[in-house]
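Lettered A, B, C, D, E and F in written order, each chain numbered from 1.
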Amino acid sequence: MLPNNPYMIDSEPFYLNTGDEIPMFEAAAAARLPVMLKGPTGCGKTRFVEYMAYRLKRPLITVACHEDLFASDLIGRYLLKNDETVWVDGPLTRAVRMGAICYLDEVVEARKDTTVVIHPLTDNRRVLSIDKKGEVLCAHPDFLMVISYNPGYQSVLKDLKQSTRQRFVALTFNYPEPKEESRIVATEGGIDADTASRLVTLAGKIRNIREHGLTEGASTRLLIYAANLVGQGVTFKAACTAALLQPLTDDDRIQETLSDLIDDLL
Amino acid sequence: MLPNNPYMIDSEPFYLNTGDEIPMFEAAAAARLPVMLKGPTGCGKTRFVEYMAYRLKRPLITVACHEDLFASDLIGRYLLKNDETVWVDGPLTRAVRMGAICYLDEVVEARKDTTVVIHPLTDNRRVLSIDKKGEVLCAHPDFLMVISYNPGYQSVLKDLKQSTRQRFVALTFNYPEPKEESRIVATEGGIDADTASRLVTLAGKIRNIREHGLTEGASTRLLIYAANLVGQGVTFKAACTAALLQPLTDDDRIQETLSDLIDDLL
Amino acid sequence: MLPNNPYMIDSEPFYLNTGDEIPMFEAAAAARLPVMLKGPTGCGKTRFVEYMAYRLKRPLITVACHEDLFASDLIGRYLLKNDETVWVDGPLTRAVRMGAICYLDEVVEARKDTTVVIHPLTDNRRVLSIDKKGEVLCAHPDFLMVISYNPGYQSVLKDLKQSTRQRFVALTFNYPEPKEESRIVATEGGIDADTASRLVTLAGKIRNIREHGLTEGASTRLLIYAANLVGQGVTFKAACTAALLQPLTDDDRIQETLSDLIDDLL
Amino acid sequence: MLPNNPYMIDSEPFYLNTGDEIPMFEAAAAARLPVMLKGPTGCGKTRFVEYMAYRLKRPLITVACHEDLFASDLIGRYLLKNDETVWVDGPLTRAVRMGAICYLDEVVEARKDTTVVIHPLTDNRRVLSIDKKGEVLCAHPDFLMVISYNPGYQSVLKDLKQSTRQRFVALTFNYPEPKEESRIVATEGGIDADTASRLVTLAGKIRNIREHGLTEGASTRLLIYAANLVGQGVTFKAACTAALLQPLTDDDRIQETLSDLIDDLL
Amino acid sequence: MLPNNPYMIDSEPFYLNTGDEIPMFEAAAAARLPVMLKGPTGCGKTRFVEYMAYRLKRPLITVACHEDLFASDLIGRYLLKNDETVWVDGPLTRAVRMGAICYLDEVVEARKDTTVVIHPLTDNRRVLSIDKKGEVLCAHPDFLMVISYNPGYQSVLKDLKQSTRQRFVALTFNYPEPKEESRIVATEGGIDADTASRLVTLAGKIRNIREHGLTEGASTRLLIYAANLVGQGVTFKAACTAALLQPLTDDDRIQETLSDLIDDLL
Amino acid sequence: MLPNNPYMIDSEPFYLNTGDEIPMFEAAAAARLPVMLKGPTGCGKTRFVEYMAYRLKRPLITVACHEDLFASDLIGRYLLKNDETVWVDGPLTRAVRMGAICYLDEVVEARKDTTVVIHPLTDNRRVLSIDKKGEVLCAHPDFLMVISYNPGYQSVLKDLKQSTRQRFVALTFNYPEPKEESRIVATEGGIDADTASRLVTLAGKIRNIREHGLTEGASTRLLIYAANLVGQGVTFKAACTAALLQPLTDDDRIQETLSDLIDDLL
């Protein structure tokens, strides 16, 4: 490992263990099995992978996937420098070489060629084929592929193929238990335990009405935002409106319901 | 902050506070929370962000989003200069480096890779990943991400994903109250209070029939246009026809209704 | 203003005022308000803007919009010249710099990024953002944005968004009154007043059956074509068939109806 | 006119006048009016425009339009030559400069930007705007725009817009009268009058059943092909099968009907 | 003709005449008429055109068409060589220059611009327009255009336009008669007459159930494959399963039917 | 064969023969017939081709196909090196030259031009046409084309055309028999025979409920993953949940069913 590797995480990220995800991730890493993190928006998947990278002392290279992410964005490309074409590694190739954790966030959003590129890296071959250089790269023993995936978005067009899914050990994430979530909101949002607890109670109610029109519940992140606003002197009601009600929906009727839920907690 | 920064707003923009949006924006800026401005066309979202940039004394970099705006348009790209490829920062990268407010106007219109690029900038990481340079840029402490969004346009194809929405504190805008709007129209349109008030009364009536066929009500901007025309000697009726009736609709029957509304005010 | 500016219109175009469009355009130009010209094909919108450019003594830069017109076609791009990339202004940038009237003909046909590019030019900011150069250009005081738009073509896919529409003062055009149209046809088509009048009578009848199958009535331009053919010795019936009946429709039954209308005038 | 212009037609093409299309084309050319040739496949539209180019002694530049024909294919583009970008005129620009007839064959097949490019060339402006060079080219007085168009193909997606149609004088073509068609088939196919007449009789019968399943009748070209095969010693039945029956349809039942029609003429 | 032309076919391909296709092709070649070969997969169309090229002693240039084949792939393009752009002929241009047979295999699969490019080569003009070079190339007298086309694939999207079809003399191909097919399978597959005959009997039965679910019958090529496997010591049943049953279908029920048909012949 | 060929497989891959696939592949290779491997995800197709390459002592070049794989990715392209364009062979061309097995994994995922490129390589011609170089390459006698294909994915858009299918001998793969699969899981997963046997029993039950909602059964690979986790000290239930239940489905009800199946085996 290079000293001063910019991909190393220097200080321990705040992470509260909510199940057996830590030993399971360690077992997968020890057995060199690729890992899939399943769960809703803002429940801590990205934080978890940062925490595990710190804990395992491995560099972490994160790629946020999107519809215009091509395989060459991951692998690398030739650039023109001083009248010469020079090869520049992409983030995946860098991770494969240095033995980093490569984290493909929201992998279903990427173009299909991306998912195929990772196939030979996620079975017993553990190789990356750089077609443009005619090079086949064997992964560093510490290389670990991690992807995240939100099953709530599943649609016909944006689904992981079975031939991709069946290459990963899957860990499921969900919102933390109320007690733990209150601790997280208080710590990260910088507010007192009571206000944090009220925010978590509100979130619980919002997540319950989720099936009645809200496509997704309030994330822990939004609770922390609300806490941050309260910390800046904003009232509880105004903070909840700006950080929870308005971001979650544009629907007038659901907004009214949410507004009533907030009023109940004043 | 650079002296003579071209992105600084030198003179105070005219802005009338219509709710608690100013303290809320200040709280979000202090807590470094990304901000989403929700509201209809021409109700003052862009003016508000200019006003806040002036008030907070931060540079403002605005990007009007559209279907062909790629992530690389925001981040930057390599250009060929004197036989060498030279990196040129895009507007988002510039804002991240200098600690500016980056305002993505009508963000749902942009390509999907754009919204993903801003994800790591809008959670606690506050980083911008410039994949093509292999550089990860930590945002300047004063950097603030602001997006605007018109819920009235919402469709299946053009909607903000929950994983994007739940990264923003949201402020809702609407047309100003009649009294305030009259002041704005008189000030900006350069006409007397009475004519301004008649225009605002007309706008109120038009906004009421909105549900009966008009997809959107008359914006404050169009009222100022009508005022400008009156200031140039055009009659009230002709000004309203050219600046309100014709821009709003091509439908003969709605035009008749609008024409009657104008006649009622002569 | 540059002497010998190639965009200046040297001789007065023939234009017959049919309403209050001239003073209204002058008022909008004086107040620096963007102008939208609404109306059917071939009724004189392009001629009108040429006439106003001549009258206001401003250069006119016209861009015919189409599905493959990108924002960069309007703004400009880098070209390679003698081993160097040189920036070349597009027509919109040229107009913004020199204070010309920029006329975007059939603007709904353009790509969506085009309409967004003109947004900051069509509100009180009056700026053009040249992202590729990192330059923000303030419009010359004489710069005027004019667009044309045919409401008859309106479809779900090809419609102006409200956020674009509500940036323009709109002038409506239609076919001229019979007396004026006869004068235009006689002058431009080089024929006697009687034949011109018969052509205009025919056009009136064709425009009446428009709702019964013809998507659009006969334009003044086609009447002038018919007049030109008569001027070349073609018979009235043959000229009307070649210049009116055949261009307007491929439908056998409507052709028969039009043929009968022509016969009625022999 | 350049001597040895490769676009000049040296020898008179064989063309049989079937109506008043020759004087009408001459009138349009004299009045500088754009011309649209309407009619089915293989009825002589291309031959007619070659004949008129020869008769008017003007060069002819033909462009076969297709879905991937961009405006730049017509206008021209910059090419890299010896480290320099050199402008190369496209066929339309060449025609505009030299005063040629520019014939856009099957214009509805072209991309939409193509049809828009020809707009300023087909009204009284007669200019071609070469945006990439910032050049506005006035058409040579002899320049004439001619397009062809097959109404039988008309569909929602592939239709000429009224704003394009209403810029042309239209001449309608159809299959020649039997007597004339027999003369054409005998002359071009190199066979005796009797066999030619039998082929034309067959074509008449095929064109009659057209509405019952054949999307288009047998073209004069296919009759000439059949005549050519007979001239090479192929039997009448085999020639008609190979040159008429098989090219026209893949449908078993219609093939049987056509086979019976051929047998009737043996 | 160049000596050592790599496109010449040196040794006579094995071809069994099954109708009058040889004299018909010779007549078309003599009369310079383009030829369309119609028929199902693997029935010998490609072999036939190789045979005719050998027989007529003309070079053969074959292009397998596909959805991403552009006109420029056929015509040629500029390439950068030693700092200079050099024109490189595509296969069609090469054929037009040297008087080769140009065989476009499965032409409906190609992009539409491809079919249009061949139009001026397939009527009496016999020219190829190389727009990028501003060159119009007259075809060598021996140039012959041949296309293949499988009517069984016909769909709305992938159909030959009448304006393309009506430019070709069409020859229809089908599976050979049992006796001839047995000879072919024995000769090409290197097995005894009896086994070849059993394979052909099986193919006949498979082709009969074609309408009941199989989209296409077993090709002669697959019969030769089965014969090859038998020649390598594979049993008749295993060879038929691997070379006929499995390639033809994935449907369990049809596979069972085919399996029964194989068993009947053991 | 080059010494030190990086495409040679040095050590024998672990492979358990489950039918007659080895002699059949050897017969096809001897007769130079292209081979198609049909079967579900993770049942050993890739391992089999690696084993056969080792056994036949031929190099193996694997290409994972995807929606953005163009023909030029397979064949090669010109790259700019030191101011010169240099041709670089793609993986298919390399295989054709050196006589390797070219394995196109999941070939239906590739772009259509890819499947057409391999046509002349998969019939008796055995040639690769490199259009961009004007080169026609005859395949090395040892060259062997192998493709894989999962019939379970078959859809209208992603299907192999008959004209492609009928060029291959097809071998069908399925999950191994329980006894063999237990041996594989124990060997590869590094666990005792009893646990391996329980995992295989579980897989059998999961594959049986496949038709009731699971699109594909549990692959052998996932069983090995579960075994690996158990080997790392994870409990049987947790390992099955992470390596089988979660990767296979996001459906709550099917997850419950799977959970019950796991509990039955504790």
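To be clear about the criterion, a contact is a pair of C-beta atoms (placed from the backbone, for glycine too) under 8 Å apart; a residue touches a chain by one contact, two chains touch by 3 or more.
Note that the structure is a prediction, hence the values are computed from the model and not measured.
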Intercentroid distance (Cα basis), chain E paired with chain D, Å: 30
Euclidean distance of C-alpha centroids - chain B vs chain E, Å: 60
Averaged-CA centre spacing for the pair chain F and chain B, given as whole angstrom: 52
Contacts with 2+ other chains: residues of chain C: 80, 83
Topology of the chain contact graph, where touching chains are joined (line, ring, star, complete, other): ring
Going from chain B towards chain C, every chain in order around the ring: B, C, D, E, F, A
Chain A-facing residues of chain B, complex: 20, 23-24, 26-28, 30-31, 33, 36, 38, 70-71, 78, 80, 83-85, 111-113, 115-117, 119-120, 123-125, 129, 131-132, 134, 136, 151, 154, 161-163, 165-172
In the complex, chain E residues that touch chain F: 6, 41-42, 46, 62-69, 73, 79-83, 88-91, 94, 105-106, 109, 150, 153, 188, 215-216, 218-219, 221-222, 225, 228-229, 231-234, 238, 242-243, 246-248, 250
